[in-house]
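To start, I am sharing the structure in question, which I have written as structure tokens.
Note that the chains are named A, B, C and D in the order they appear, and that numbering of residues resets to 1 at the start of each chain.
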């Protein structure tokens, strides 16, 4: 064990960042801002923090933004910032899902890098169109599937890549929560209202909000492509307009099988994201609530508990580890790692150099896969669990 | 906490017990014998311990059985013991699955109670025929789904029955193992050989051997009836003749959904049986490897860790608790509880009295359901995951 | 992993066993009987189950004992059983501590092996006198420090003996409970009454009842001799006549340091016995409430979780393992292992052969050490924590 | 559960911050900077990052500091910054211990607030002198006993303060590590070199580096004053000049007993800080490596696992909680909370208003107690474990 800090602070000039969404009362906007600050690669200088212009101003003032750069809409912000010599280089989009496409398009088309919350869009058409925009833009598109930033997730992925698990057989994912066990959206709770509203969230409820995270994480670690799925998607809470539970059987390319469960009504679970992957030689298990640990068992050997910063953690984990083992890093650190990976890519782009191949972040392609996953779950369930190709 | 022992030793005259199977090299026979001994309700006095007569004699001698009562076949044993004035009152059947039906029939038809290992039979026809035999017999039939004997499982069931969970929504079951991650049956390992042999095990591999346990336990705790299932059953190990992994989506009566995963190739899992049940008011979680704990969470309250022998354990758990909290009871104790429940029923039958309604054990009906579950899994999987009614 | 049962059932003729104490209302007597039954090496045939003759008869009848062999006192039992051709070969002494000496003496002097509960005696004089009696007897003396029977404790000891830990540095022991957090002895609760009564328990309360267990276990695993200790022993509950908490600093031979905490008032702890041992090369950690696991960490390597019956468990653990990994064994199994070790020694003595050197059980010497430990704790505490030599 | 973010971003003008120590190769300096950034209350604008002027410049440049404000010594920095109209308002002192006193004095005497790493000083004289300086200064002194910033630690303290534990009886603290199990300071590892050097660390090794943390945390939660202690302090690694293990028995005012173990040689422990506190009504247990959980058990009730952001967490925890339950916060967040508490106090001082009484941070008094604790441990140990008054 070393107790030297392994992450250096920023050296390059900071990236000028704007934000769409994330005004007062929002949840994920504040998270993005903390994540952007932690490793000191960004300066937040502009915002269209709310779809209500007045609220946008007030929220911006609370963040110390220049009032001139608190915009009433993302469209205005994109246009005006693109015109400024000191305009933003990147924008974080942290709105409800249905806004992602149009907002991302506006910035990408003006040469501004986009860091966008998940799921990519509220429907598959938008997802495909956004991919086209992103593919045709010189700007980068980073999707904040933040769980991919956890060091032990990186280590799990490295174990798969280096063959430590042998040939993969099983990818088991679950993400149970309980915060929607009752119809809290009917009380007006902001987070619940939009997340259960098809117009804002899209076709998927639990599938879109957390199922995509579980699926993305299973894919990220395993490196596998999903071939088809069969789903039993359900809404338990009366009056709710989107699903709040899904059971999904999966078949990945190469004969690998998977199982995914996501739920917003499983009482006793806060954010119970868990991924277990089994191959011919070894198995791994990782739980988001205890993210500094990775269980790793080789066939015929005792279970190993590999810790972030500990002896068994490899270079992929160490790259994104800030502090020594036994001093836990958490959700914000993982989120910050996505921002730091994005910063590395943006700074490389700024300098016209190739980014370090070790830099990894979820892309628009991962986003399209996520929306395709949600769409397939809903379709399969409508067909009473028939297999649907991805 | 009390530290008085809560289980009394036997008072009634012990039950004269025979055993079919369980000779040298067997696993589950020795377990049944320890279970029968622990609470002192039985005397093992006869055996057809092996299908090879010589081996049966040797095995019986090793157990201190009277050589005259070491039989070469269950048929001989049934006939001769039934004719003795001091003949066995009950028999434990601990053979591979394909023998269960004929053996159980032989004893039931002669008025001898049967304690039989699971799954009930190797195919559904036999299961139905055995049910008919059992229903027509005055003798009792007890199926050793031993996990139902764990005190915290009893407490979980009591929580459901008393409405502490509200209306049920989800029953999530899993039973991963790793002992068949490689083709060990090809090395001649006795347990692996018969458990992967369709002629001895029946149509199900992992589904029959451990899937039935998970399904039984989910049903036992929840009290629910399975309506239909959709399964993706697979054999990962080349050359293996039965399934070694299954993913199953379930629909129970009353709109409750379920998910079941069983696997014999999930490296890092020994006997990872786990049941999680969620209702409108609360959720519970129980893991077989740590059986003295039950997680219980009411909506909007902190998680509670209820311990066997501890403050939160109710009367159903206390009835089958031997020693104080913090001194763990294990697998053999749970198995012994099935034997003690059986003893209570047999002794009541012997005395012509009604058994205490608190006495609970799995019956031939549970056995039929288990075999029907396996059969439905295989059928669904052959139909590419179509829903199959139970 | 194998799923063959590794313990064979008894072959030799069973040992005729008597019991002193353990009548109705007792706790540990029932535990001893279950332990004696599990592996089938004993027949309980006689008892002086209570100091009240009538109660002894009633208790014996409840156990199915021959009324002629239900005695009103241990003295009568020792005399009469010694005179019978089919008299007991061994006796279990499960009374309060103050009776151990006289009872053990009565049987040892008549050539009857003694299996005695801990602590050895209620004072150090009796302990030394009992050691003299035992040393001069041809009969065996087994002390039921039952935690030494846990397979993972055996494995821990083997790791120390084979040098896997390097040179030892630290032995940290703790045994917190909470059942005496209030003055329950004042309510007449039988277990609390005698355990807090100096006349029955001796000079130590928590130190004698559970501190001796922790100390014995630390010594058993480490193989170390205690040189001196400094203790702060305290009674928190008003009116209690014996200690209910102790903090003890220890120095073992060879420069090894230790720390021991025992408590009966630490709310939230049932039987929180835990031992951690650290050497120059590795460290281990074992917790009684989760006894099937042993943490083992080599310097500079990931933590290993070794499981009973699992890949990392060595021969010392396997010798005393009954069932496969993942099917937990518990307190009664560990207790039964002490009985089986005793049986092996008694049967060897019966046959005049040398017992297998792998057979291990706590002896009268361990008992003397335990009482000396309690005595030293009390003495040190009276001297305000001065170091007291053992 | 809510998933609204509960911490607002900064509103007031940011605090101009300087740093002493924390240049390249340092550990804790980078941690302080991340902590200062997370909640956006500070701007780092000046530094004396190394005692080597050139290194200080290079380190400052790497952080993007104005070269004019990268000083060669803290003395120069204090003088020049105090003279600037835009000079620093606060300084973080993150050097080895022996520098704390002089550096803190220099800034406090110039009206600059001090945020100082622990232990307060390398000896008790300096500690008392620093207290005098701080008491006579109008500037604030904040000691970064960062573990006091964890939300579940705040909740534990609130439980004690509100009487949920009843009258306290026991405070058990431990902080085992293993990074100094071998003489790594002899390899030149920077962190090990200074921490084992009496000239830089002071009289205590493990006692000063981690024992003070454990003691501070036990005191912070319990609110108790230590009266006397008896210690067995030891150096296991040959050639090491400071202690690497300590066993400490404690007596707090009001008859409360405590036990403290700190170690740098306990293999398998990374930063195993743990505090357990027991009263007449309930007990609590908190472990730094899993900081989002607090075990809370009321006498006669099931154990509760209270989670950060979960149902059982009270207002003291919620005040310092950034994100919803199940999304773990870690070490940096707790550290950042100290910085945010300090910011609240500094901003109140700036505005001449009284700080919110809910704001809590360790002070110079806590620092004096910590150094007194180390000094008493060493003294007691030199007197062979005699009780030493604090």
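Heads up, the rule we're going with is that a residue touches a chain if its C-beta (ideal position, glycine included) is under 8 Å from a C-beta of that chain, and two chains touch if they have at least 3 such contacts.
Chain labels with UniProt names: A, B, C, D = Gfo/Idh/MocA family protein.
It should be emphasised that the depicted structure is a prediction, and the values quoted were computed from it without experimental measurement.
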| item | value |
| --- | --- |
| Result of counting contacting C-beta pairs for B-D and A-B, higher pair | A-B |
| Cα-centroid distance, subunit B relative to subunit D, in whole angstrom | 54 |
| Mean-CA-position distance for subunit D and subunit A (Å) | 33 |
| Computed distance of Cα centres, subunit B from subunit A, in Å | 43 |
| Residues of subunit B touching at least two other chains | 178, 269, 296, 303, 307, 310 |
| Chain-level touch network, classified as line, ring, star, complete or other | complete |
| Residue ranges of subunit D touching subunit C (in the complex, touch as defined) | 169-170, 172, 178, 181-182, 230, 232, 234, 236, 245, 247, 249, 251, 257, 259, 261, 263, 265-269, 276, 278-285, 295-299, 303, 384-385, 387 |
| Subunit C-facing residues of subunit A, complex | 296, 300-307, 310-312 |
| Residues of subunit A touching subunit D in the complex | 1-5, 7-11, 13-14, 25-27, 29-31, 33-34, 37-40, 62-64, 177-179, 189-191, 269-272, 288-292, 307, 309-310, 322-333 |
